[in-house]
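Both complexes below contain subunit A, partnered by subunit B and then by subunit C.
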Partner chain A sequence: MEERHLIPESGVAADQEPSQEAVEVVNRREVRLRPGAEEKLVLQFMDSLNSYLSFSHSLSSTLGQAWMELASARHSMGTARLNTSLLDLKFHPASTTLKIAECDDDSVDAKARFVLRKWISSEEVGEDEDSNSTKSPEPADDDDEVCYSQVRRERAKSLSVFGILIPPKLRAAQQSFERALETLVEMANMQSSFLYSFHQLHQEVEDTKE
Partner chain B sequence: MANRAQIPTKSSALIAMIADENGKGYKNYEDTVVGFLLAGVGNVDIRRKTNYLIVDSKTTVKQIEDAFKEFTTREDIAIVLISQYVANMIRFLVDSYNKPVPAILEIPSKDHPYDPAHDSVLSRVKYLFSTESVASGRR
Partner chain C sequence: MYGFEAMTFNIHGGYLEAIVRGHRAGLLTTADYNNLCQCESLDDIKMHLSATEYGPYLQNEPSPLHTTTIVEKCTLKLVDDYKHMLCQATEPLSTFLEYITYGHMIDNVVLIVTGTLHERDVQELLEKCHPLGMFDSIATLAVAQNMRELYRLVLVDTPLAPYFSECITSEDLDDMNIEIMRNTLYKAYLEDFYKFCQKLGGTTAEIMSDLLAFEADRRAVNITINSIGTELTRDDRRKLYSNFGLLYPYGHEELAVCEDIDQVRAVMEKYPPYQSIFAKLSYGESQMLDKAFYEEEVKRLCLAFEQQFHYAVFFAYMRLREQEIRNLMWISECVAQNQKSRVHDSVVFIF
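So, the complex of A and B:
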């Protein structure tokens, strides 16, 4: 009864100043008018934050394995054959890049979606790839066979910086770092998602205070 | 009403790296950078500018700040990976960054494991749960 009296269409009755308690009731009522959307945002925030933390633990584990494999490769190859002084500064584009797409959940704001494109040759840079997968293509038919051989070629090109005879541990390290990249891209997507939810909820809280 | 965040869509963007040299004594190895370069993320443009910075004992804080500012303003970079140990050196700059793209991801290094309590992005959203946690947890 008291709530109905204190919530006229204009928001505040003209002939009386609302008390602190009345304003809080009004504000709670305004928040309750959109319970579904707010709860959805909270759930989305919690889910994506939880996923982000899980991925970060997974990343630490993957990187630990990758560093171990790299150290083993360095032990067999020698320090002089595996360090950054061997990297040349000649022009070369990255073989592994990202595609940025925009996810529109509503008309107010948008969030970024990152898609990993692994081992794309320089000829394909700029083409619009139709893929949401972060994994390398597996040979299933002739076109995929071409993709798979291209992936192998690009991987070998990356390894060739450190010599011709490549130990298995260095190949294993390369694959571990690729897995780490996949995890990082998922982390970036989760970060984008929980930051988006956070900004929406923060705006909701600020609007409520006003 | 919140302003609409502009997400620059792009079909081919780079991953930048700012990683620290790890190792003890006279043998220092840049394993994180070497590893991700093996995975194909290394890019050198016509002006011989790279998309990575290796932080060693001779690298100054100013150089790290300049690299961070450069990578976060380049339009061809989508994600910036930065070792959390290096991010702590320029924490003020990392905290003040708030654009959606490029995304900043703090990663562990061999000698310095990842600590969620120091992550800039996580610290920002802790505010949602407690207004005191940001001030008390960041010393």
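So, the complex of A and C:
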């Protein structure tokens, strides 16, 4: 049985009295739309939350592995070759940046999207500033082979503060931390998504109460 | 000259050989390592080490402990032992003991130069230097812009001066040049140490030749594996290998052209002493190679104590202590990161 309750339409004056038949048609339409939209939002919320929890678990194990690989590299190279006092304090451009994609919607509950751009060289920073694409380290096309070799060079350059002849363990640690960073960004996106869904659901519930 | 060391060695070396054998008896045993591997925190490790020779060095350290603190304090024990032996030694033992520290001196030089290149504070870098490799003018390294200045301003008055002849250039120091300098210096040092031991003759020459040859071969393998996928050319790689050892010269020729770990394995398996090392690894894997090499080294170092009246026991003791400190570092890291299941990945038992 359809519920009959007066829901004020926006822009309708409070003292106007629409016919009962019009109100019932409006009510039936709103009752048909709201469950579908709500279910979609609930599913989005649950999916995002589930993904967030999976990423969180994955991050924990990836970081644990990365720290152990770093300790293993330190054990192999010695503390003199791998310590914080070798990190480069000279000014140099960041090899990895995080961009928060701007949304056209100015409302508070607009969903933010985080885009990680890894291993970008200093020459590319100006050219690709407006691009939203995340560069993958494992491209498939021929043109992307150039990109892949550039990524390898950037990785080697980043580790060169500890020397040129570094063991595979240190490279493995670098890749593990890289994966951890990607997971963190995915977690941020999932968090943004489920917070957005939650806010929308909350709005729906508030609207229902009114 | 064999056979006559028993008559004359104890005149100058008897006391110190007794001292070093006493120190050797103080190395941690398997039971000690089993206790340490079961610790839940770094304070537990400190408590277990308080019953060992490291006790006096750690007892005043406040909690919470850090793994680097444990390593630093244990290294102080090694330094104290070394300094006591050095100040009691006469020639040629004193020169032999000094040779043992030149590797650390090279590491310290490279640390200061690299840190200065990265605009780090000199005092901060000096704190990270290994105490066995310190010399008076080490802080002056920070002013050098190229290797020629490095040599002229500082290193000409150090024991490393003779090793610089092959790497003096006027090129500015960068990461690649520094790496080549490090390996060239170490190569020259090993060759010089080897020649010195050969001149000493007798049991010292016999045992030290074996130990230094193993060190040279291990370096060659590590340089090969670490240079795969880098800008180091084959010729540059070949120039970094030492001119002695079991792999010299044919093994070096084959290693110079290796492009992956499996090719390195194929080369090394032709040499029976290294066949057993690489047999422990699965194909394509290099993670456990370090442990396999350390285990082989420890075996050879322990064998050095089976003979008397030679200097190799001093070298063996220093290296065994360094291995012990590496073990403690690894155990501390596993405990601190709550990864005790990984503790046996890199611990090498000495006894």
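Here is the rule we go by: the second predicted complex is superposed on the first by the 147 of 210 C-alpha atoms of A that agree within 3 Å, B and C clash if a C-alpha of one lies under 4 Å from a C-alpha of the other, contacts with A are read in each partner's own complex, and residues count from 1 in each chain.
Quick note on the criterion: a residue touches a chain if its C-beta (ideal position, glycine included) is under 8 Å from a C-beta of that chain, and two chains touch if they have at least 3 such contacts.
These numbers come from a predicted model, not from an experiment.
Asker: With both complexes superposed on chain A, which partner does A:Ser56 reach: first (subunit B), second (subunit C), both or neither?
Answerer: A:Ser56 sits against subunit B, while subunit C stays out of touch.
Asker: Just subunit B (first), just subunit C (second), both, or neither: which does A:Val185 touch?
Answerer: first
Asker: Applying the document's definition of touch, where does A:Lys90 land relative to subunit B and subunit C: first, second, both, or neither?
Answerer: A:Lys90: touches subunit B and subunit C.
Asker: Touch check for A:Ala71: first (subunit B), second (subunit C), both, or neither?
Answerer: Both partners, subunit B and subunit C.
Asker: Once chain A of both complexes is superposed, is A:Gly163 in touch with subunit B (first), subunit C (second), both, or neither?
Answerer: The second partner, subunit C, only.
Asker: Go through the superposed model and pick first if A:Ala80 touches only subunit B, second if only subunit C, both, or neither.
Answerer: second
Asker: Which parts of subunit A are touched by subunit B and by subunit C alike?
Answerer: Subunit A residues touching both partners: 67, 71, 74, 79, 83, 87-90, 161.
Asker: Show which residues of subunit B lie in contact with subunit A when the two form their complex.
Answerer: Residues in contact with subunit A: 1-2, 4-5, 7-15, 27, 29-46, 48, 50-51, 54, 78-79, 81, 100-101, 103, 105, 107-108, 110, 113-114, 116, 121-122, 124-125, 127-128.
Asker: Quick one: which bits of subunit A touch subunit C in the complex? Just the residue numbers, please.
Answerer: 64, 67-68, 71-72, 74-76, 78-81, 83, 85-90, 152, 156, 160-161, 163-169
Asker: In their shared complex, at which residues does subunit A touch subunit B?
Answerer: 45, 49, 53, 56, 59-60, 63, 66-67, 70-71, 74, 79, 82-84, 87-102, 108-112, 114, 117-120, 125-129, 154-155, 158-159, 161, 170, 173-174, 176-178, 180-181, 184-185, 187-188, 191-192, 194-195, 198-203
Asker: Can you list the subunit C residues touching subunit A in their complex?
Answerer: Counting only subunit C, the residues touching subunit A are 68, 71, 104, 107-108, 110-111, 114-115, 118-120, 124-125, 127-130, 175-176, 178-179, 182-183, 222-223, 225-227, 229-232, 286-287, 290, 326, 329-330, 333-334, 337, 339, 342, 345-346.
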